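So, here's a batch of structures to check.
You will see chain A twice below: alongside chain B first, and alongside chain C after that.
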Partner chain A sequence: MKRALTALWLLFLASIPLWLTDLYALHVLILTGIFIIAAMSLNLLLGYTGQLSLGHVAFFGIGAYVSSLVSLGFEVHLLPNWVVSLEPKPVWLAMLCGVALAGLSGWVIGRVSFKVRGAYFVIVTVSFAEVVRLVALNWVELTQGPMALNNIPALRLAIPGVAELAFLRKSANYWLTLIVAVLCYVLIRRLVHSRAGRAMVALRENEPLATSVGIDVTHYLVLATVVSAAMAGAAGVLYAHYVRIVDPDVFLFIYTVTMVIMVISGGKGTQAGPIVGGLIFGLLPDVLRAAAIKPEIQWVIYGVLMILIVYFLPEGIVPAVRRWWQGRARTAATP
Partner chain B sequence: MDQLLQHALNALILGGTYALLGIGLTLIFGIMRVVNFTHGELYSFGAYMMFFCVMITDVNFFLALVLAVLLGIVLGAVLEFTLLRRLKGADIDTTMLVMIGAWIALQNLEQFTWSGVAKSIDTPFPSSPLVLGPVSVSWNRLFVFAVALALIAGSYALINLTKLGKAMRATFQDRETALLMGVDINFIHTTTFALGSGLAAAAGALLGPVFVVYPTMGDLASLKAFAVVILGGLGSIPGATVGGFILAFMEELGAAYVSSGFRDGMGFMLIIAILLIRPTGLFAQKERVG
Partner chain C sequence: MSVPGIALAVEGLTLRFGGLTAVDNVSFEVREGEVLSLIGPNGAGKTSAFNAITGYIEPARGEIRYRGARLTGLRPNAIAALGVVRTFQKTSIFAGQTVRGNVAIGRHLHSRQRTLAILAGLSSVAREEAQSARDVGDILRFVGLKSRADTTAASLPYGELRLLEVAVALAAKPTLLLLDEPVSGMNPVETASFMKLLGEIRGRGITVLLVEHDMKMVMGASDRIVCLNQGRIIASGTPGDIQGHPEVVRAYLGSKYVAKK
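Showing the complex of A and B:
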């Protein structure tokens, strides 16, 4: 029964481009999907290990930049006689590089910043994102700085002589995003239901106790960071090859905040949470724009909503709805 | 050599305002355990109030400065009263999220009210700089430095010499015991937040006329204040003071001799380096991991 329901859901999601004729709506859905992937990756850290990373956008941006640069090729002069250059590579390879490098930077950041916790961890991650943004802004030879990387090729998959598929149309990009999102969802599900996932939850609930029963805290935190960073990188990669222009603004702190709002409002530590939150906050800007509300006021509404959610729905929407549903079922069962 | 002297002087003057920002933030963290993401907003609020008073309502420059700081204190008290009071005892992540929400709302209200265009503020100081041998400094910056030093000295006196300061220090050391000794914790929290906010507003009101005023000016200020505070150790006021000057020197010298593009990045590299080498900061007594 539950399986059938999941399959129905997936079929419905996959069928959207077939009947949705409004291309702009599809575009909004693709961007929302990309942000949902990023929010799911943040949820792995925030929801399951309890570490608030406010530098998550760095991984997103690293994925986007690496993938774009590998697919475009580059040439940089590091020292007077040392030139590093790269010929343009196929897009699928560039995408894998983007994901891998985002994961690798997650490993480095995890090793460095899990020396500290709480407020310090938050500030370290913020600083990391800001340093990466400044590098993207100032290393003009590599990243074009504020001029942005243009003409990033779209994904092209080909079986030589048989068929070629270019991801230029919105529907193709939608399906690609959906596939990656489902993959990430399944991966997180497997991870949190594994031994590693139980270790993460244990150290979220009580770190000294977890350590005392022999859980290597740093090991699992770094593991979670690597997986989470690679997924955020995947979201960035999708973004780069869909929008096909990347500038240093992808590192703006406000995107991290958007991801955090999505996770918190949906319900951190639940699998459905980032999806519900992502749908609400991914589509809300367009709803508000349709209501002719200025973007500043839209952000004010975001900020106020965030405060209200923390006050009144501290666990998020999904756990609250679930409890309400169970309560209703119980009263129905005992008339 | 002359160039180095000039940079050192610039750094010294900038360091005063960084120290102001850092002291405000470290006070709020030390006493309330709140990572105050609205700190930068109070900074830009101070600058905008300065702009409003001087450029729109034609108030005297020095009176405007006092008004801006007072309004910052009021706004800080209001924020604490409406947002933080009911969250007492909540974990640090929860308050952090509320403060991020408040920060976004405040910043965008600012942008809505004043538009995104950068604004400049006239000063009553002579435009020709004060020349001291090989180096020169504008009168405005000198004034900024003097006021910043006075405010730093004032904060020290308030915390170390008055009864209120004693209550604040007691709350910092042990909240429960302070409560048992009859310290009104609610009052201390509101005062602390108002004081820290006032210091941030003062920094903004002082630097607004030196640079220009724009809605997102607080973001960098926030992040720099974090750098200063991490450098000195969260909760340490002498640490924040010294940290402010260290950061200013690093930025100034880094911009002069390494790359001006990374001027604002110095602070973050400093944070990362400090946490790698000495995670407790330079002055903190307490263990920070845990």
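Showing the complex of A and C:
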């Protein structure tokens, strides 16, 4: 029953490009999907280990920049007679490099902040994101700085002599995003329903008790950071090869805030939370715009809705709905 | 080298907090399979000694060995991996998780799941999870919380919370269990059933180091008692020795306790 429902739901999501003729709407869905992947990755850290990464956009941006640079190739003069250059590589390889480097930077952040929790973890991650943004802005030779990296190639997958698939159309990018999102969802699901996920929750709920039963909390915090960073990197990679232009604005703090809003409003520590929150706050600006509401009013509505959700459903939408549903089932069982 | 029969050896343990010497040159040992109680007035250094043994604070001086392995300098999780597991004086559980979930976390050390296998979704992980569920069920039955398995820990009544703490510690399969005031706040009925449980824990071959203020429990359950006062050992011996010991009576038990007997 549950499995059938999941399959139906997936089928519906996969069918959207077949009947949705409005290309702009599809574009909004793709960007929302990319943001949902990033929000899911943030939820692994914030919702399960309880550590707030307020520099999460750094991993997103690193994924985007690395993948773009590897697919475009680059040449940088590090010392007067030391030149590092890279020929353009196939996009799929560039994408993997983007994910890997984002994961690696997650590992570094996890190691550096192995003893800091709470506010200090927030400061480490915020600083990291700002440093990466400044590098992207000022290392013009590598990143083109504010001129942005453009003409980023789209993904092409070829089976020699059989077929070639180029991810140029919106529908193809939509499906690619959907596949990556489902993959991330499954990986997170496996992780949280395992020994590793329990260790992360133990770190969130009661660190001294967790260590007393032998959990190496640092190890699991690093693991969560690496997986989370790699997934945020994957979202950045998708973004770069879909929008095909990347500038230092991908590191803006507002994107991290958006991810946090999605996770908190949907329900942190639940798997559906970032998806529900992501759909609401990803689509809302465009829904309001389509409703031809004055721009200044649009953001007021966005803000008020956010405050209402946080005020009335402090745990988020998904846990609240779940509790309401269980309560209803209980009253139905006892007439 | 450890002398045969000695599980935990504490030698010359000294703990300082700033200018205060909380534990001063304390030496004692816990023998395999026994229940040893640490007693003494508040501030005598009992919990501090617990914290030092389990790696939560670094001793200023002294050696702690368990079955020949040095514990000083190890982190708490490494000490737990050697079989030394504690409970906490203030009720300490994973409040948002179910009773079952709490015990499953406690079983961490004994669950064999590699991260890559988890991510790949291998069937070995699913089998291990099933094994974990059975183990958790056994432990809950053992401490008598089976009927509460799906209750959120935070909503348990106090007596059951304290049982849950022991269940979480037992899930780590300790060979030396350190209980920090396990029956404080329990009513006499709960205390009596806890003493029965303690007997069953012993029956499993688990050595117990106990800190407790409930003298009925201490006298009834311990093989030996070490009495601390102001960071020093003032007496040690069997419950019989301790009850009549003039220093212990003066510093802790009070003359009323002796008169009552």
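One rule holds for everything that comes next: the second predicted complex is superposed on the first by the 315 of 335 C-alpha atoms of A that agree within 3 Å, B and C clash if a C-alpha of one lies under 4 Å from a C-alpha of the other, contacts with A are read in each partner's own complex, and residues count from 1 in each chain.
The rule is short, and it goes like this: contacts are C-beta pairs under 8 Å (C-beta built on N, C-alpha and C of every residue); 3 or more make two chains touch, one makes a residue touch a chain.
These numbers come from a predicted model, not from an experiment.
So, does A:Leu187 touch the first partner chain B, the second partner chain C, both, or neither?
In the superposition, A:Leu187 touches chain C alone.
In the overlaid three-chain picture, which partner chain does A:Leu18 touch, first (chain B) or second (chain C), both, or neither?
In the superposition, A:Leu18 touches no partner, neither chain B nor chain C.
Spot which of chain B and chain C makes contact with more residues of chain A, would you?
More residues of chain A are touched by B.
With both complexes overlaid on chain A, does A:Leu5 touch chain B (first), chain C (second), both or neither?
Once the two structures are laid over each other on A, A:Leu5 reaches no partner at all.
So, does A:Ala332 touch the first partner chain B, the second partner chain C, both, or neither?
In the superposition, A:Ala332 touches no partner, neither chain B nor chain C.
Using the superposition on chain A described above, determine whether A:Leu137 touches chain B (first), chain C (second), both, or neither.
first
Of the two partner chains, chain B (first) and chain C (second), which one does A:Ala196 touch, if any: first, second, both, or neither?
Second partner only, chain C.
Now for A:Asn206: first (chain B), second (chain C), both, or neither, which partner does it touch?
A:Asn206: touches chain C, not chain B.
Quick check for you: in the superposed arrangement, does A:Val126 touch first (chain B), second (chain C), both or neither?
first
Find the residues of chain A that appear in the contact set with chain B and again in the contact set with chain C.
none
Mind listing the chain A positions that touch chain B in their complex?
Within the complex, chain A touches chain B at residues 50, 52, 112-113, 115-120, 122-124, 126-128, 130-131, 134-135, 137-138, 207, 253-254, 257, 260, 264, 294, 296-297, 299-300, 302-307, 310-311, 314.
Inside the complex, what are the residues of chain C that reach chain A?
54, 56, 75-77, 80-81, 85-88, 92-97, 101, 104-106, 108-109, 111, 113, 115, 118-119, 121, 125, 128-129, 132, 168-169, 171-172
Spell out the residues on chain A that touch chain C in their complex, using ranges where they run on.
So the residues of chain A touching chain C come out as 186-187, 190-191, 193-196, 198-199, 201-202, 205-206, 208-217, 223.
In their complex, what parts of chain B are in touch with chain A?
Against chain A, the touching part of chain B is residues 29, 35, 83, 86, 92-94, 96-98, 100-109, 111-112, 219, 223, 226-227, 230, 234, 259, 261-262, 264-265, 267-269, 271-272, 275-276, 279, 288-290.
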